[in-house]
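Just so it is clear, A, B and C label the chains in written order, and each chain counts residues from 1 on its own.
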């Protein structure tokens, strides 16, 4: 099947719903690439679905990509532009209202005991917007990348529509109902 | 990139572009491009595919952008200030369809001035009049008077400015197709550091 | 009371006033004194126009209104910034908005709440104008078209003239007595270049004049030798679609041997000002239609032009007369239709004139060594006070027996003969460090060469000392305990500082901000304030953060009088047509006094008390 050749990338800003999307893909039967090195915590009770080696992309560690064909991997926007051009990617790009992203990040930084959240939301918002623009422009110029934008807020409201699109994008072989079951409304508590 | 389209279909270009009292509109004209349009097609139609007409809003919806379609009497400013939106199209229903008075133009400019207060820099603004337009976006490489455009060019131009590829069977022609978009300044070194700090603080890089 | 009429005379000095009244030279003020009373009026720390009038407006000490000096510093950069107003821009699609940094509640806010009308002309630190019930024309704080306190332009056929301070110099080349040149307008934020308005100059030597032709209004303007021209309305194209208008006037200094022409800072034009300068917005223009074009900039008198010798004393006096005359016309027009409520008009000229002419009262003033002493000008200030007295007489005609009539000044005026290089003192006493290899006098303004990692205290503005506190300043080094030690060190070191050249005490005292300020904006105040003796002030190099050589310097500028000394020595005047408490009244007492005369209770933050009760 077609998606065997592609590497499926779930991307977005931290706290835009990337882990949830990974969990859903997993539930729907999509093989995923994760090392479970980052343990579940209050911030992501279902786990992070991260693959630690992704963080080495900036250092040119691409070896794992050969093994990643047909699998889904989570790569935040801060790293995605380091993807080597000699593979094909299907990117599921998570979008979420910026206010919520920032609120959720703040909460998480607080829980992690990080003191570096001094940057005002207004300033952080501008920086993220500029960053997202760069990433989007970059993605739109890559012939080897197909992209599907998924809005976290819309997805929580009408999960079936969103998941159907995801399913179609990936070849239509996943179990939509199981995926929808994952959407854990509890997570939305973070919203403020 | 957010996209805002303000539709004042009764506003004539002869007044819109010449009245010096329309301060807000003139500021936008200076920042971006403007001109008259050949009337062909509808501004909001992006593509006519087999048996489907794809509007700009539908296209953005497919990309899962938060889209809002609104008109008077809710004031524009209220609409913009509540909630998030990625794409908002507004038609000024309380304005006459034809034969605008001088007061109508001033009201347009006033409403526009209030609306501008609520925007982020990262917004493409389009003001549409009767077969004419003003378009401002930080990444728009075209400035000054833009001649020879058509109504149907608006949607593809906005799609590309918003960072999306053009679908097949696009009806009009994007003015910025193939052009290097002014990708603004990007992030300054300081801002890059803030971004890195934030991402590493969250444990993502 | 039905009416309160208050006339402000900026910098009106009690010692001169008292002597003149004793000689019977100020009949109207004398009449006021006899009718009601007279007293010296306590001013603010520090004794400066924006600080003092803000206390008048709000009835609080500066800790309650947030204006401590013309300048403040940005703790992130250590750079001086304008303290009176700020520009905020929400996004790139909208114009920046001006925000008044004078905070607190004014007494006219409280009057407005009770539906009492106010007409307020040129009160400082009300820019953008307060949304008062009635009318307001903004004063000190309104910039010129370039955004500063005033950028004049000097045109010269010489090529060796260089711009000094805020001015611009344009070199003109004359061809058959004609020259094509331009008026300099606002700076373009994108290109960083100046917008220009083309003018043509034609010299008519036989008539000692020039003719300026342009697309402005009027299209042909005559400027006579040694005289001020009428206003020229100019328009700058600041974009393809946008223009900004302003008004400018010229002074033709000389035609031979070199051509020298002065152009005033470009003032906002009232019909389409860049930012609103009045409330309601149209009011400024309504006034212009009645009394003619007038200076709109907060600093109307071009003292810089005289200070830099771009025109002479005579021309400056002429200009002061213009400003005085137009202000009188404003006052008379408004009093003519004033029926009830609060009326205020400020005359800035007594202050601006005395700053520049003080040296002629003191033949020994160091400034005279450089610029010459001319006894003709010895009595200019007194002569001007006669005119001020006449203005008061004019206004008194509009007072009836249901009117509280007030004349006041915000501070006095003194001699300024010697300046202290405050940063150099801090350096010599180990509070301010310079980078290795540099010494005082090596660097310029803006704390060039200052080693912030070793600096404990620094001075800027007119006698403000800030400490370099950890967590507050960008490179702050002082912990709380160290800050306390530094404070104590500066206070004890500077207090009683003697100018050894003159064997005179230059610094009377140094106060901590907590001693003189309280309120919500205390944290914005300078940490220490230096109180100078008469004849002294901070040097010219201090306000913008210079560290020059030597401690004391003679003041060689034409700006030869000043008032930013120990506030106890710099009181203003207060006259009222009712008997009032003359035991140490102060500026903060005026707000409760005025409110009470309308039966309106004073605001919760107001510190003074009703002088009439």
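Points worth noting:
Operating definition for what follows: a contact is a pair of C-beta atoms (placed from the backbone, for glycine too) under 8 Å apart; a residue touches a chain by one contact, two chains touch by 3 or more.
In this text, all values refer to a predicted model and were calculated from it rather than measured experimentally.
Chain pair with the most C-beta contact pairs: A-B. Among the remaining chains, the Cα-based centre furthest from that of subunit C is the centre of A.
Work out the mean CA point of subunit A and of subunit B, and you get 29 Å between them.
In whole angstrom, the spacing between the mean C-alpha positions of subunit B and subunit C is 45. Distance from the subunit A centre to the subunit C centre is 58 Å, each centre being the mean of its Cα atoms. Of all residues in subunit B, those that touch two or more other chains are 120-121. The part of subunit C that touches subunit B in the complex is made up of residues 90-95, 239-243. Contact residues of subunit B toward subunit A in the complex are 1, 63-66, 84, 86, 120-122, 139, 163-165, 181, 183-184, 186-187, 191, 194-199, 201-205. Touching subunit B in their complex are the following residues of subunit A: 14-15, 38, 55, 58, 76, 78-79, 95, 97-99, 105, 108-109, 112, 114, 116-117, 119, 123-131, 133-134, 136-137, 140, 148-151, 153-154, 162, 165.
Only residues 20, 23-24, 26-31, 113, 116-117, 119-121, 123, 125, 136, 138, 144 of subunit B touch subunit C when the two sit together in their complex.
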